[in-house]
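Take this structure, written in structure tokens, and hold onto it; I'll ask about it next.
In order of appearance the chains are A, B, C, D and E, and numbering begins at 1 in each one.
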Amino acid sequence: MITPTHYMLLSSALFIIGVAGVMMRRNIIVIFMSIELILNAVNINLVAYSSQLQNAVGQVFALFVIAVAAAEAAVGLGIILAFYRNKETVNIDEMNLMKW
Amino acid sequence: MAEAPKPPEPVATTAPKAAAHPPKAAAPIGPPDQPPPADKPLPAFIASLQAALPGAVSQISFWVGDWTIIIPAARILDVAQHLRNAPDASFDFCSDVTATDWPPRAERFDIIYCLYSTRYRHRVRVKAKAGELEPVASVTGIWPAADWLEREVYDMFGVNFVGHPDRRRILMPEDWQGFPQRKDYPLEGPGELLMENPLDWLKLRQARDEADIE
Amino acid sequence: MIDQFVIPLLKIVIVLNATLVAVSYMVLLERKVIAWAQSRLGPMRVGPYGILQPVADAVKLMIKEDITPVRADRWVFTAAPIISMVPALIVYAVIPFGPKVSLFGRQVSLSITDVNVGLLYVVSVASVGVYGIILAGYASNSKYPLLASLRASAQLISYEVAVTLTLVSVVLMAGTLSMVSIVDAQYNGRVWFAFVQPVAFVVFFIGALAETNRAPFDMPEAEQELTGGFHTEYSGMRFALFFLAEYANVIVASSVATTLFLGGWLRPFPNVAMLRFLGFIPSWTWFLIKSFVFLYIFIWVRATLPRYRYDQLMRLGWKVLIPLAIANLVVTGIVKVLLS
Amino acid sequence: MGQAIAFYTLAAFILGFAVLVVTTKDTVHSVLFLVLDFLFVAALYVLLDAPFLAVIQVLVYAGGIVVLYLFVVMLVNLKRPPEAHHDPHRRTKLGLFLAVAVLLELGAIAVYQTTRPVLSVPGAPMPVTGNTEQVGWLLYTSYLIPFEIASMLLLVAMIGAIVLAKREL
Amino acid sequence: MFDTNELVLNMGPQHPSTHGVLRVVLRLDGEKVVDSDVVIGYLHRGIEKLSENRNWTQIILLTDRMDYVAAAINNVGYCETVEKLMSLEVPRRARYVRTILCELQRIASHCLWVGTHAMDIGAMTVFLYAFRERELILDLFEEFCGARLTYNSMRIGGLPLDIPPGWDKKVLEFCKIMDSKIDEYEELLTHNRIWLERTRGIGVISGPHAVALGLSGPPLRGSGVPRDVRKDEPYAAYDEMQFDVPIGLAGDTYDRYLVRMEEFRQSLRIIRQGTEGIPEGPIVGKVPRLIKPPAGETYHAIESPKGELGYFIVSDGKSTNPYRFRVRPPSFCNLQGLRTLIKGHLIADVVALIGSLDVVLGEVDR
């Protein structure tokens, strides 16, 4: 039988992969994608417990998480583009200046 | 048509060239510009042109209904300026700029400007004589239409237009040797010679023609 | 066991094959209709009156050589046509061809599944369809296809917004997302949504035209400007897939439009007793007739209208269609509140 | 039984693609794996009988956000890949170590949580059945304010993105 | 991927919508054309050089191949210039037939123009309709001079042969059909919202600027300059014909389109007057067997569908070949205006503008 803990393990594994991605990769776009993975992990948990407790609140929260993720992605990519236009790089290490 | 009395031209530096095929009669040395018949009144704009620029007009000709003004090459700009801006002339439409090659003459090229006035609906042809390397002022400033027309004349005849915004070859490839529409340019073009030495096939060809004649 | 697996599988097989045949014959239909509009005959050589032309096209495209540009991204290059074809086909899972019908003594509904998020499923699958075009342009690694694919995807995304808003107003009218119950709503409400929602219908049609890159909006493959659009580098079977994907999208758009606006399988005036005699025509043929009418209009528009310029097209999308769709939504909301 | 098989295959795919997203060199490929990953997560939601969320996931995530990523990746595709030069004071080891620490902690919570009886929070009785209707009902009754705030947030994000990305306003 | 704001795009000689071998090098800022360089010369056959080695009647064949869309008009232009050189008197019947042929040729050229112009902007159907009508005209020409494209339809001094019996009835029959067909084109395009949006306000050029640039024909009349060689310097039998010259106001692509559509109708009017009023009489004037014009030079212009087509011929009086043969092709000078017209427009407009200038490369490159 599939219990919420199985989903818990799945989402934590996904969470770990996301965190590892953020830590290890130098390309900021891949870092952004890893953050999306982390958010997805959270969503899986929310939906898992919402279906186990037969209460749709979890799914409403998952919906809000998706909305926030969309906003974050839009603004984040906007920043990346603006940054790339000035410094021609998306390497996280070269983004060390607060003002260029 | 009586041949217009022409002062004998100083023999051009290059020996009179006979075309490659059987030598024709001596190459013609210029178009017979018939003087206007006595009873034909001068149109107003020619009279005012002569008044405005005294030395500019060297000869006037009228034939089969066309007025032609022959001017020295040096005065092209101010004649053109006058013809375009003068109230009674206002030749605002430069329909054609072309050239004719008379090899035996010292001033080899006849540069012809066919002008038309959209206001008065009359037409005139202005002709200037220019030598091979003699700089000719470009009229693109006065008539933008002349831009490509002069480029083609340069491409085909090698007339040295000065002050032209973008003097490049227009029809022939950029690196083409020689000027195709000159009378001494072989009709069939480079032919096989182009393959052997694309750079100086024209000199070789003309040298070979010289050799035939001797 | 049978109801769970065998019947849906059977339905899927039938619908998939029917779609592929319909797509290839739509190619012929388009060439014939445009030819007829231009006072010429169209393909006449293969088979009587050119009937077997799609077979000839298929064989030709199969035999033709598949060229992959040298520095193209091989995996993505091969995946792109498939990505653009699949969404067009999987939309049929929710489209109801007919009501419950008793076959061999068993009640079978003439739609593969009836998901209660049917309409949302259609929209989300359409949004995934954009990938095929972007990746095609990116993978062929050359200037023209990339420019064309950027333009095509920007066009798709902006018209997707307009189309989704019109669908929302249909959902508002029907009160449910599931496609079958939308058709039932039109039956109970005694009226087709096309008459109740004329603005949404028109905006949906224009949006569908733009979404499938057709007629006045076929900027991406406009041969006159960028040579060939995003599928310049494709040839042989891959190009056929793109070609079929476009036509499959057109058929999908017309069947969705039939379901939502023209009352899927309902005969023209479902509740008018007097037109009882129309009942003997089976319900799914009504569906086919109506979507055929839509296909015909798609082709007819392509034969007559010139093409929009890219910026005019985007301006029309953002400044005309989307505000219109929103206004229509608001009005529908208000009217619904006032009525209930 | 069927559910178990489905869960394990989907979980395998999700984790597999997630690893691929993080490890591939070519950014476009990692974006593609991200799309596939989201599609499988959507399939997982269907398994958890949350069809509305599955379709929203496909529509918003796979159809919208990742297309944005693809656009940015294509516009920003590099003349020289970022990973080319190795930055000495980049502590990959420390990153990995921290990740493993977080994993252990989560594992501990999971194990601890299974031993305790699950306190079931009775769901609020809802007049409507069907997943979409429930989510919709909740959204517009008890969670109306967060819904409005979320829409405001999206508006601000839209304006921000436009201001940042547009070359000349 | 690449710096999208500074891009050089090569609308190369093989581009589907450049009406033959024309190459336009576009410097783009995103989609907008910053600057352009028009490269021609791919179809240069050196007709002018060739004709200096051919005798006067052989040249008529060469003039067919310059504007191959309106070959009869080139023939008429050349023969009239030589007749002017020799101050020959062309009989009235020949002049009438010449006028009819020129106007038929104008309609055929405009048919091809409306077809390709609409096709470039996306309306495919007009192309097929236009070519259906063009076929009728080609049949008429085939009956008269045996060819459909390169007619060799004129002789210096008059016509090669008289019009076949019943030909004028066929021409009148054609005029009746053509009237309804023009309305068909107009129905499809003139009030079509998308057509208006694609052509109105595109490639605007003012009257004086157009004159300065040397544009002629519909592009010039589209900007409001009432310049038509048929009216200003009547040749053939145009002085006996009543017709008016349509003029545009704004000088954009839409006005050039309207001017040409109106020219369709005016040409039909001329053809009707011409065919009904054909006088009897000889078809060739007093022409010496061996044509040797007196020494001298002249420039004579006629109105081709593209604009003012001028011939400048110098004869040296002795040889049977012209000394200098120069053609002023209207497409050459109109094409020169393309650079100023497309500055600041988008790529899709470049295609529409090339169509609206109605350029034939055979004539541009000679």
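Rule of thumb we're sticking to: a residue touches a chain if its C-beta (ideal position, glycine included) is under 8 Å from a C-beta of that chain, and two chains touch if they have at least 3 such contacts.
Being a predicted model, the structure only gives us computed values, none of them experimental.
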| query | So which one's got more C-beta contacts, B-E or A-D? | reply | A-D
| What is the chain whose Cα centre is as far as it gets from that of chain D? | B
| field | Separation of mean Cα positions, chain D and chain A [Å, integer] | value | 6
| note | Per the C-alpha centroid definition, the whole-Å distance linking chain C and chain D comes out as 30
| query | From the C-alpha centre of chain A to that of chain E, how far is it in Å? | reply | 65
| task | Using mean C-alpha positions as chain centres, tell me how far chain B is from chain C in Å, no decimals. | result | 66
| query | Multi-chain contacts in chain C: which residues touch at least two other chains? | reply | 146
| note | Touching at least 2 other chains, the residues of chain B are none
| chain D: which residues touch two or more other chains? | 52, 56, 64, 74-75, 131, 167
| Can you list the residues on chain E that touch chain B in the complex? | 40-41, 44, 46, 48-50, 53, 84-85, 87, 208, 211-214, 216, 225, 227, 232-233, 294-299, 301, 308, 310, 312, 314, 316-319, 323-324, 326, 328, 332-333, 335-336, 365-366
| said: Help me check something: in the complex, which residues belonging to chain D touch chain C? | reply: 26, 28-29, 32, 35, 39, 51-52, 54-56, 58-59, 62-64, 67, 70-71, 74, 130-132
| note | The answer for chain D against chain A in the complex is residues 3-4, 7, 11, 14-15, 18-19, 21-22, 27, 30-31, 34, 37-38, 41, 44-45, 48-50, 52-53, 56-57, 60-61, 64-65, 68-69, 72-73, 75-76, 78, 81-83, 87, 90, 92, 94-96, 98-100, 102-103, 106-107, 110, 113-114, 120-121, 123-124, 126, 131, 134-135, 137-139, 143, 146-147, 150, 153-154, 156-158, 160-165, 167
| Can you name the residues of chain C that touch chain E in the complex? | 34, 37-40, 143, 146, 216, 218-219, 222-227, 303-312
| field | chain D contact footprint on chain C (complex, rising order) | value | 73, 75-76, 79, 115-117, 120-121, 123-128, 130-131, 134-135, 138, 146, 150, 153, 157, 177
